[in-house]
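All chains are identified by letter, namely A, B, C and D, in their written order; residue positions are counted from 1 within each chain.
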Amino acid sequence: MNVEMMKQVLTAEALSAAAPFLALTVGILLLLVVEILPGTATLRPLVFLGTLAAAFGYAWQQANGPELRVFAETYVANSTTGWWAILFVIATLVAWLFARKFYREEARFEGEHDVLLLSAAAGMVLMAGSRDLLVFFVGLELLSVPLYTLSGFQRAKRTSIEAGLKYFVLGAFAAAMFLFGAALVYAGTGTLTLSSMDAADLSKSITIAGGALIAASLFFKISVFPFHLWVPDVYQGAPAPVTTFMATGTKAAAFAFLLPMAVLLPSDAAVLLAAIAVATMALGNLGALVQTDLKRLLAYSGISHAGTMLLAVAAQVSGGASAASVSNAILYYMAAYVFTAGGAFGLVTAMESRTGAPVTIESLKGLAQRQPLWAATFALFALSLGGIPATGGFLGKYLVFSTAVQADMIGWAIAGVLMSVVALGYYLRLIVAMYMQEPAKDATHGEGSRPWANAMAVVCAVGVLVLGVLPGWFMEHMK
Amino acid sequence: MLTGYAPILVLLALAIGFALVNLFVSELMGRRRINVGKADPYECGMEAQGSARIRLSIHFYLIAVLFILFDVESVFLILWAVSAGDLKAAGLAPLVLAEIVAFVAVLGLALAYVWRKGGLEWDR
Amino acid sequence: MQSPLVPAGDAAHDWLWLIPALPLAASALCGVLHYVEARKRLPKVAHGHGHDQHHGHDTHAHDTHAHDDHGHGHEKVPAGLAGLAPIVAIAAMLVAFGLSLKGFFELRDGTATVLRATSWSWIDTGTFPIDLTMHLDRLSSLMTLVVTGIGTLIFVYASGYMKGDKGYGKFFAYLSLFAFSMLMLVLSSSLIGLFVGWEGVGLCSYLLIGFWYEKGWPADAGQKAFVMNRVGDACFLIGSFLLAKTFLTLDMAMIAANTASMLPEFGPKLFLAGLFLFLGACGKSAQMPLFTWLPDAMAGPTPVSALIHAATMVTAGIYLVVRLNPVFASSPELLQIIGVVGVLTAFIAGSTALVQRDIKKVLAYSTVSQLGYMFVGLSTGAWAAAVFHLVTHAFFKALLFLGAGSVIHGMHEEQDMHKMGGLKKHMPATFVTFMCGAAALSGLPLLSGFFSKDEILAHTFAQGGLYMGIWVLGVATAALTAFYTWRMVALTFYGKERFDAHKVHPHESPIIMTLPLMVLAILSVFGGVLGLPPVFHVAHNLKEWLAPVTAAGDAILAQRGAHEVSHTVEWALLGLGSVIAIVFATMGFKKHVLGTQADEAFATKRSGLHAFLTDAWTIDTKYTHWIVQPVKLLAFVIAVVFDQFAIDGLVNGVASFARGLGERTRRMANGRIASYGLWMGAVAAVLVLVLIWNR
Amino acid sequence: MTVPVEHLFILSAILFAIGTAGFFLRRNVIIVLMSIELMLNAANLAFLAASRMHTLEAGATEASLQGPLFAIFVIVVAAVEAAVGLALVIALYRNQQTVDLEQVTALKN
């Protein structure tokens, strides 16, 4: 081992670059200590929130700090990764708060739940900052393994176990694909670090084959066609707070790495990516049209959103759009999506926890009268998902499509914009159900108030509106 | 050209040979005085014959998995050990120590957690 | 790129921001008032459930609307705090109107042709920075005056019309939100700002159409309206992307100023951009492929129909074309497309209006038809003529809608003209004002509609060629217009009373509703002075006023040669217009003043044609057949193929299949997870192969 | 004379293919897990082969250690995945008395 290299590796700079990740790791250990020491259970929420706060603080520093390339260029910290980390922290917080009072039989495992949630968050942070296939792989597994467990968390429920198993089996398959791809890339280039691969090696067939396999495994995580098949099943079966987390966080983390990793793809892959993107949008939107279960519907909607973002990646791969503008577009889109989908799935969680039954369009009927706050915020989320102006969802779409136009992929952009018309069909159905239809006579609505859910719904709604109305502030900080 | 594979063949032959030789040698040289206790492969534990579809206590599985996890984690010690000498020579001895202490502490914490949750208790 | 037409923003004009901001604030306030009031009534709402249920399943009410005796009118609810809502909303609109006037006078008396507030850097992505600012030029000034002026009148009317509705506060919140969106639309300098308003009005329209959902409004219809609007919106967005790509800016004034210089190089691209923008305009302004939502939108409260679906929102498409007139002028083919679409829409909608029984449907199809006229005007490059018709139409159509609302109000929610008749003596104020509106719409000489319509037709005539065909259809539509307008008047106000006098007691509406009618009637009658034809040897006020805005487009058109009509021809055309209007108005009136016999005779003798017309040339049915059904089928197929086949191996989907076949498919697709994996593996392999193949 | 690197790659590809085939064709979850394990190890072999290739490359000054390093991480991750996977299988068996993947079909429209 090269000693000089080792010396350079562990510097104060490196520590500060890894600070958000380290904060989460320390938090995980502290939570374990809380689990071990008797009588400290009441500290758990405090430790959890404190960890998130610390991670947020460090991420905020990164978002406003200079670019650091550390650990022999295998890990970077810059404003983009800082913002990604902030998004992950928010996604974790949203999922955690909506999970309050959700579990009944599993309530005694809440400590484990929180540890797993934090581990997954740490994995996401690692994924977003990694510029090396090994570091990314560690992050990926740190994210995936806790999520397999969380998906099957309600062990008494058949659907939950099935979701966990399905996600696990396919996820392990995707991981194997990633590994084989990484091995091929390594064979082609002699390195695992993205920045030290040279152009000649990148154009070798073996490298490209490896790149394609890696891309395929990432497509599994962001769930684009035809790697999306697991999504509706797993989203439906997994406990609702976990679904919230998966829908927002996992997708964001995979996109965060897909962007730098795109150097492995040749520019003529752009057409392929664009075709996949549009097919995904079509499939997600058309699939959502016929769903009645809300988690499934939102899952399909999430698939179509992943397709939209993939279009921006295609624009970058084609070389027509600058990496910075694509990264901004996707980050913005994802930021809006974290609030929007986080809020939407979160409200589904809250409704589900009141009745204990799956939430369907049928059960949304008359929500405006029973729960005006939930109905209003849910309507806002639906509009944002549909991309109506003055919501974050619109600007995200606008930025993504403008990168596609920038890269002269006008035909694809047109197809994408038209897809959003179909999408509105099912989003409106939700609003109609909540505001303009009466509930069935025998409908049960459950009992109990959910103050945390109320607060989070409002926070997410504010986030959606701020991103929609005052994007300048966000953009300024992103640079 | 195939000479390169010779070591693999030798390894294979050794492995198979070792097993076979041991079997045959004990078969040839051993004295047999069969009784009930001797017929069992072990004198404690579960019944070796009969249906494979009996229910095992979940703790077999739990202990096995815990063992594998801690066992495999120790592979990272190799990486540490390989670079420890160089690092120490470079004057980074405290770092070397800190690394391994942190690593073992984390494993220790995990073990403590397992213990506390009753993962190591046989009767529960 | 800088241009004399596009001055930099000026802090002195920051008050322009107030014009849209006031209705927005009013909307928020009304929303709060409604919320507070609704909270107070909460237990009562729960009590009223059964009642709502009763109305919830009143199917077909949407088409006939006829026997809804228990409409909202009987469910009077004291307004309480929400009673303050109209005061807030009207005050905001009045101030906005005052500010619009201030802007108007500054433009008239000052030297500047454009006032711009300082801009707000909305997003700065580096490539397409979006600056939002308020841009008041002579065109947007006119639009602002129409929106705030007519808007104020309609708000006043609505405060009477909606009295007693349990959603009183909410209604004004929506209306104000609509006004905000519309003002954003006409005042924004950039295409994206315009798009925000563009989508906003669509959303508010959707909310307001569905306002009385308990009346059995089919949710699908409102959804259809919105989705159809969205088709247009998507096209608009694509068009604006193309423009942004070409001009590297989203500022419309900048685009307009630079079109001429870009034309040689980017001609085809501009054509494409213009075409998509026009498709967007078709969605919002209810033109040919996308017009069927407007008649459905009549399920909303009548003031909504007047404000949104006659006077303001539907004119957004016209506004867009005029705003970007050089882009459209740059391609003669594009203009021809617009003309053909416009005149076909005008004719189809006009003929459909002939047979409608619902008084609001007649007005709705009439609106579609008149919007078609405006597009015909645009297609000839007569921007000012189109805007002129837009303004006069806003006057008389708002008047007619409000009048119809007054009738419906007085008739206890009756909308079927066959169940009216003889209302002249029961509601004199409504009658007189309605007559003014009808006269203007049918183009009776010297009224506002007469001048604006004939100006468009004269311009079309002058173009020759393909436009002669358009002109012929346009004249035919004028005849239809006169006919159906006076049929409506005759059926509603004349003849025998065809309602049950024991149950229905027609009454005049309160002064708060008739006052706006009177103001609008005066405007409808005298609005023509805005643009008298050249033969009168007076200045065409509107044309001169808009000259700075249309100069760029006019210059492009002038390069292809100008078309003017001589005074003799113009006199002849005016004469022809007058004769047709008078003759067909008389025919329409005479045939129906006796009662419904003429209608019934037509329905029985030519039942095929009658059904065809009633169903608006069955275009909507065709949509269902050719677009909606296939999309649904596709969604279903996808659900089956990807949700079931790839997963279940069709096992669940084909329960009716022979068992043997089921077994075989079961073996083919080996469990759900494995087939998921198979898909993934196969596509990964394809990915790898395709990418390597290209090496 | 040593084993050519190509042979190692071919072997690893064959193992990966066998693992993939097992993944697709078997219904028993345990065997599916074993197939995945095989795929992971195929990747490990490829890593080691690539490392060997780069170490023996003309002009290489030091051993390319990233491959073996990755392999060690993969071994650990494989163990972790196996632990979680088996836990899920046990939960499934307790819940449904089956380890047949074809029976895992509660989730659908």
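One rule holds in what follows: contacts are C-beta pairs under 8 Å (C-beta built on N, C-alpha and C of every residue); 3 or more make two chains touch, one makes a residue touch a chain.
Note that the structure is a prediction, hence the values are computed from the model and not measured.
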item: Contact-richer chain pair (by C-beta pairs counted) among A-B and A-C; value: A-C
item: Geometric centre: closest chain by C-alpha means; value: A
item: Farthest chain (mean CA position) relative to subunit D; value: C
item: Approximate Å spacing (C-alpha centroids) for the pair subunit A, subunit C; value: 39
item: Distance from subunit C to subunit B - Cα centre to Cα centre, in angstrom; value: 77
item: Inter-chain centre distance, subunit C versus subunit D - centres from mean C-alpha coordinates, in Å; value: 61
item: Touching two or more other chains - residue numbers and ranges from subunit D; value: 23, 32, 69, 80, 87, 101, 104-105, 108-109
item: Residues within subunit B bordering two or more other chains; value: none
item: Per-residue overlap in subunit A, given as positions that touch at least 2 other chains; value: 1, 165-166, 169, 173, 232-233, 290-291
item: Sites on subunit C touched by subunit A in the complex; value: 35, 38, 45-46, 49, 52-53, 56, 120-128, 192, 195-196, 199-200, 203, 206, 210, 213, 217, 219, 222-223, 226-227, 230-231, 233-234, 237-238, 241-242, 244-245, 631-632, 634-636, 638-639, 642-643, 646-647, 672-673, 676-677, 679-681, 683-684, 687-688, 690-692, 694-695
item: Contacting residues of subunit D [partner subunit B, same complex]; value: 1-4, 69, 72, 75-76, 79-80, 82-83, 86-87, 90
item: Sites on subunit D touched by subunit A in the complex; value: 9, 12, 16, 19, 23, 29, 32-33, 36, 39-40, 42-44, 46-47, 49-51, 53-54, 57, 62, 64-67, 69-70, 73-74, 77, 80-81, 84-85, 87-89, 91-92, 94-96, 101, 104-109
item: Residue ranges of subunit B touching subunit D (in the complex, touch as defined); value: 1, 3-5, 8, 58, 61, 65, 68-69, 71-73, 75-76, 78-79
item: Complex contact set, residues of subunit A against subunit D; value: 1-2, 133-134, 137-138, 141, 145, 148-149, 152, 155-156, 158-159, 161-166, 168-169, 172-173, 175-176, 179-180, 182-184, 186-187, 190-192, 232-234, 236-237, 290-293, 296
